[in-house]
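Going by the order they are written in, the chains are A, B, C and D; count residues from 1 in each one.
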Amino acid sequence: MNFASDNASGAAPDVMAAVVAANDGHAPSYGADAAMARATARIREIFEAPRARVHLVATGTAANALGLACLCPPWATVYCHATAHVNVDECGAPEFYSGGAKLTPLAGDHGRIDPGALAEALAGAEETGVHNVQRGALSLTNATEAGTVYDPDAVRALAAAAKGYGLPVQMDGARFANALVHLGCTPAEVTWKAGVDVLSLGGTKNGCLGVEAVVLFEPERSWEFELRRKRGGHLFSKHRFLSAQMEAYFADDLWLALAARANARAAALARGLAALPGAALVHPVEANAVFAVLPRAVHRAAMAAGARYYLWPASQALDGPGEEPLSARFVCSWSTEAAEVEALVATFVKTGAVSAG
Amino acid sequence: MNFASDNASGAAPDVMAAVVAANDGHAPSYGADAAMARATARIREIFEAPRARVHLVATGTAANALGLACLCPPWATVYCHATAHVNVDECGAPEFYSGGAKLTPLAGDHGRIDPGALAEALAGAEETGVHNVQRGALSLTNATEAGTVYDPDAVRALAAAAKGYGLPVQMDGARFANALVHLGCTPAEVTWKAGVDVLSLGGTKNGCLGVEAVVLFEPERSWEFELRRKRGGHLFSKHRFLSAQMEAYFADDLWLALAARANARAAALARGLAALPGAALVHPVEANAVFAVLPRAVHRAAMAAGARYYLWPASQALDGPGEEPLSARFVCSWSTEAAEVEALVATFVKTGAVSAG
Amino acid sequence: MNFASDNASGAAPDVMAAVVAANDGHAPSYGADAAMARATARIREIFEAPRARVHLVATGTAANALGLACLCPPWATVYCHATAHVNVDECGAPEFYSGGAKLTPLAGDHGRIDPGALAEALAGAEETGVHNVQRGALSLTNATEAGTVYDPDAVRALAAAAKGYGLPVQMDGARFANALVHLGCTPAEVTWKAGVDVLSLGGTKNGCLGVEAVVLFEPERSWEFELRRKRGGHLFSKHRFLSAQMEAYFADDLWLALAARANARAAALARGLAALPGAALVHPVEANAVFAVLPRAVHRAAMAAGARYYLWPASQALDGPGEEPLSARFVCSWSTEAAEVEALVATFVKTGAVSAG
Amino acid sequence: MNFASDNASGAAPDVMAAVVAANDGHAPSYGADAAMARATARIREIFEAPRARVHLVATGTAANALGLACLCPPWATVYCHATAHVNVDECGAPEFYSGGAKLTPLAGDHGRIDPGALAEALAGAEETGVHNVQRGALSLTNATEAGTVYDPDAVRALAAAAKGYGLPVQMDGARFANALVHLGCTPAEVTWKAGVDVLSLGGTKNGCLGVEAVVLFEPERSWEFELRRKRGGHLFSKHRFLSAQMEAYFADDLWLALAARANARAAALARGLAALPGAALVHPVEANAVFAVLPRAVHRAAMAAGARYYLWPASQALDGPGEEPLSARFVCSWSTEAAEVEALVATFVKTGAVSAG
């Protein structure tokens, strides 16, 4: 019953097998390996983007920060949701890699940027000329930190607002596969066809050991990206071990199968919670995370029974008397078993019934 | 009738005379001039701070950014008011000088940080450990961007909240003299005695050509400051021309006399506006700036009559029919004449009467 | 016959097996995994350094740049050999992570810093006070880029020179195991007992997939390191896959066995070259790399026969008439077979005999 | 007898008068003042460069670092003479403003970059692709730190070598007027017509209080420069006091008259030294600085008699027995009197005669 994070899960068997298989003999280092060429070709095919440049790094923070640094100069700001990973979970990596750019946190329900908030922020930036940080780039997280998804229309509308000011658009797709499975559209439709210029295409959370592809849909910034990656210490010498993960991840649509499983588990958990007295979903469940409010006593009992998940926000105190409801985040991964979800719901039901009694 | 900014005023005659007088023969460069030693001694005396280190730069942005960089590491955040100069008027200078720190904008009426907002932001930062930007420093602007003033108790309370987390406190005193004249307290009482570690002590806006003193109340960071200043290109070779300004500025309490005149003009303007139909002050008038709402027609007429000031925020449109009220900022300086204020009020009265008629 | 780089080799079977084994169920992320605790304990034991802090990253560039950034402020310089990886092979990573520090390249035969050159550079830095970049840190590469090794006395002497000016000492140990095997001393003797403060302890080149341990022999800078690592995007979420490599690497002295094999191959190659007419070693062969001069025709024939290695420096032209000697680098790894060395030497002998005939 | 630095001199009377005159009433701030428009027009005229953009800052370090930051990305290197101000006298300002670029120090007699050294450095940079810092920009100092001058042919040859690799060229003209007076060519001939893209056009050392013009001969980078200047804290609010200096400086060719006087004094000093037993010039005297070797006893006596200048390099010890020759730098400025030179030479002659006797 581990719902703490998709980071706590391991690697999918096929991905691990590919890593083991890649360990055969010598291979050119630093990205010149044959597997990288194959992974690039496959990603271009999947995204219908033959001109795209693909570069691999090992962490999502690196993917986002390097991508944004290519798009946003030091004296500009990245518009993002207030809860975006780039804003609150990367210890200032975008600021560091960009050379001191700002991030402008925007409001919006359920983790999605409110179009009005973006429009207002963009318009407001023009007042002071050289004195203020300039408009830089738009960053969208898909799936969002709230477990919701931007559909192509939503991406297009926000991207269009940014492009109205000449700004490029980056997408943090650490959970892109989960979003895509929910949407049922093509990868191109929710990215470059909707205005996304650079995509962090996540593998780590969805069954890889540690690999993210940064997809530049236009090649112009590719060499700059490579220099920034090397300079950031993110160019792997034994690069084949990154390539192999990505090759396996995209083979036979494994990435979608893994994400579909995680999403299905989250949906099952949401259904279980919906039937629970005193429980309420905080956000629509569209990807692999469930945010829900439950009575405090239910949380206490579930955690005592071995359930692993985070109160969200973490500032809430589990200890205390009574039934005060607390919100929590439950993350499912490719490896979450249906039985785990059933066991968690059963634990909730059991305690909830008692405490409601 | 120029109320656009205290930046539009010139230098006070005694300050200019000191610059001219400093141009006599050779002088040691880079801060080793005798006038600098005298200015330092005078500032230590005024602030009752014999251990303080004083360094001069030519702009307020440099003073703030260099001071903050000494206090806040790259992976931390500076808590400041949302309207603070460091946040909205320095094109990211604090981010640049700190090596990519964040600024956390806080709410608060009339340009003053709300203690509750600060407490909440400080408490909220502890949730995610290494993943989030760390708490860095507190920056207070005194007088504020809204023309109000923090009194020693207010500074002490906010500084104590910061120091409860081990954070240092910087004060942007670009208009420190205006604040001090309003308060009637000693310089020490509203700075180091209330918890301020580093002060940007402004001269430029209050009768100098271009000079700010950065006062480090404890000497520990002084050499680091000097290296950062040099590296930032802010160490003057012919430093005597900065020192001379500061020496004259603090001689015979000139700085207070100049600020008192500016404050008195603002008070007179506020009184004039109070009697005007359809006019209302936006913020209490405590220093040298007046923020007021006036009917649009009154603005139009006044500007047509040659009055110079900014609609605030600048996004408001002067053109348009009717009497819709617009807010504006009027800044008085040491050189604002009583007659100018009277003329401005008279213009308002004249138009206001017509438009009200 | 691949002698291009130890980066072109794969992972040792035991290391790969550990990675596979680590993929069992859930594990705490971001370094809180149990394997990390075990790896830390083992490294502390090996280095007789119970207070040491150990942090893992995936690349040598990250290890060096993060370590140096903790030691050298932005306004200072890192003294290093002119050929050091930090100076010429990291695309400015130390400059980036330090916030703009300089590197001062020093001369010295066979990749080792000349003590006189270091003394002169250190002494010369004191002339200009605030105007010049300050002394920052000393970086030693062991084994060096020339395939030679600093012994404990050499480290101690250079470190003492640095510490005479209060400077910390970093060691780039990307090939530390190769150096240690050559020296036959304890890990402590050539590191902290000789004055090293921070060690990049390499795994990647010597049989891992991609992992380096940064060992801080004193704990003071550990939290700063963690923040810099996160901010640099180098904190792995599925950290267990780094920990597992390191745990296997240090188990049963595997790291030394792997390095011993690589060193033995290099020694064998050196012996083979010594007997070759027209061949000469460029540097003493002390670790796993051989630098040698060979007639151009010999290079051409060997490469035509499938030998893989780099002319060193790369600016030399393979094409051209005659016997002009060209220098080259041959790197052996844990996976280099004795037969490969024999085959390479045989190729050389065959061509050399012909061309000498 | 103050020959320590041209920084120790004051401002020329006409420049100071212009500053005083500029202090009349209100003026638009931040560079929108009328004097700035006039200064720009004048500089364009002088340089026959109607498209040029001109921006003012107060220090030479700021001028150089901001200009270079517009030309050289963070992952590249600036080629400069080993003794260049940007390399040894700015505490890493170019590294800071560029976001961590390198500087590659080049050899060359008498402060001028040796064309062969530049060619070799440029060619050598291509070996390692993404792994090494890239070629960035060329920086020439004119007049050089050795008091010599690049003529248009020399500039053209070095600039052509840089442009062969697509690199832009910056000129540190802190003493540009002194160079120009020596050359007798037009300003355009030794700058943009010879390949210079950005010029730091110095005023401070040659009779201003503190002002340098950065001239961008092509307008493309002008807005970026403005943002970097603001962000660096170098945009003056009371900008008119910078503009006024520059306007006066270029009026009636004052700048050339001032430089001609300084150069003449240096020439006179050089002649005086030439006749002195035991004295020898270290560099040709082409601008306003004289580098000469003199017996130690002569230095001691001259300093005892009140002469002010620096032993160069500063590491030499004045104290000690005998006649060991020491090298020194003597800098003349616009304000150096002929009588001062005569007095200095007379002191030397007197002591030299005694010590030679």
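Rule of thumb we're sticking to: a contact is a pair of C-beta atoms (placed from the backbone, for glycine too) under 8 Å apart; a residue touches a chain by one contact, two chains touch by 3 or more.
Only a predicted model underlies this, so the values are computations on that prediction, with no experimental measurement involved.
Student: Among the other chains, which touch subunit B and subunit C together?
Tutor: Joint contacts, listed by label: A, D.
Student: Pick the pair with more C-beta contacts: B-D or C-D?
Tutor: B-D
Student: Please compute the C-alpha centroid of subunit C, do the same for subunit D, then give the distance between them in whole Å.
Tutor: That pair's centroid distance is 42 Å.
Student: Could you give the separation in Å between the centres of subunit B and subunit D, each centre being the mean of its C-alpha atoms?
Tutor: 35
Student: Can you list the subunit A residues in contact with two or more other chains?
Tutor: Answer for subunit A, listing residues that touch two or more other chains: 30, 74-75, 90-92, 96, 99, 130-131, 134, 227, 230-231, 235.
Student: Mind pulling up the subunit A residues that touch subunit B in the complex?
Tutor: 74-75, 88-92, 95-96, 98-103, 123-124, 127-128, 130-134, 313-315
Student: For subunit D, which residues count as touching subunit A in their complex?
Tutor: Listed in rising order, the residues are 30, 73-75, 99, 130-131, 134, 224, 226-228, 230-231, 235.
Student: Which part of subunit A faces subunit C closely enough to touch in the complex?
Tutor: Where subunit A meets subunit C, its residues are 2, 4-5, 7-11, 16, 19-20, 22-30, 57-63, 65-66, 90-93, 96-97, 204-205, 209-210, 227, 230-238, 241, 308, 335.
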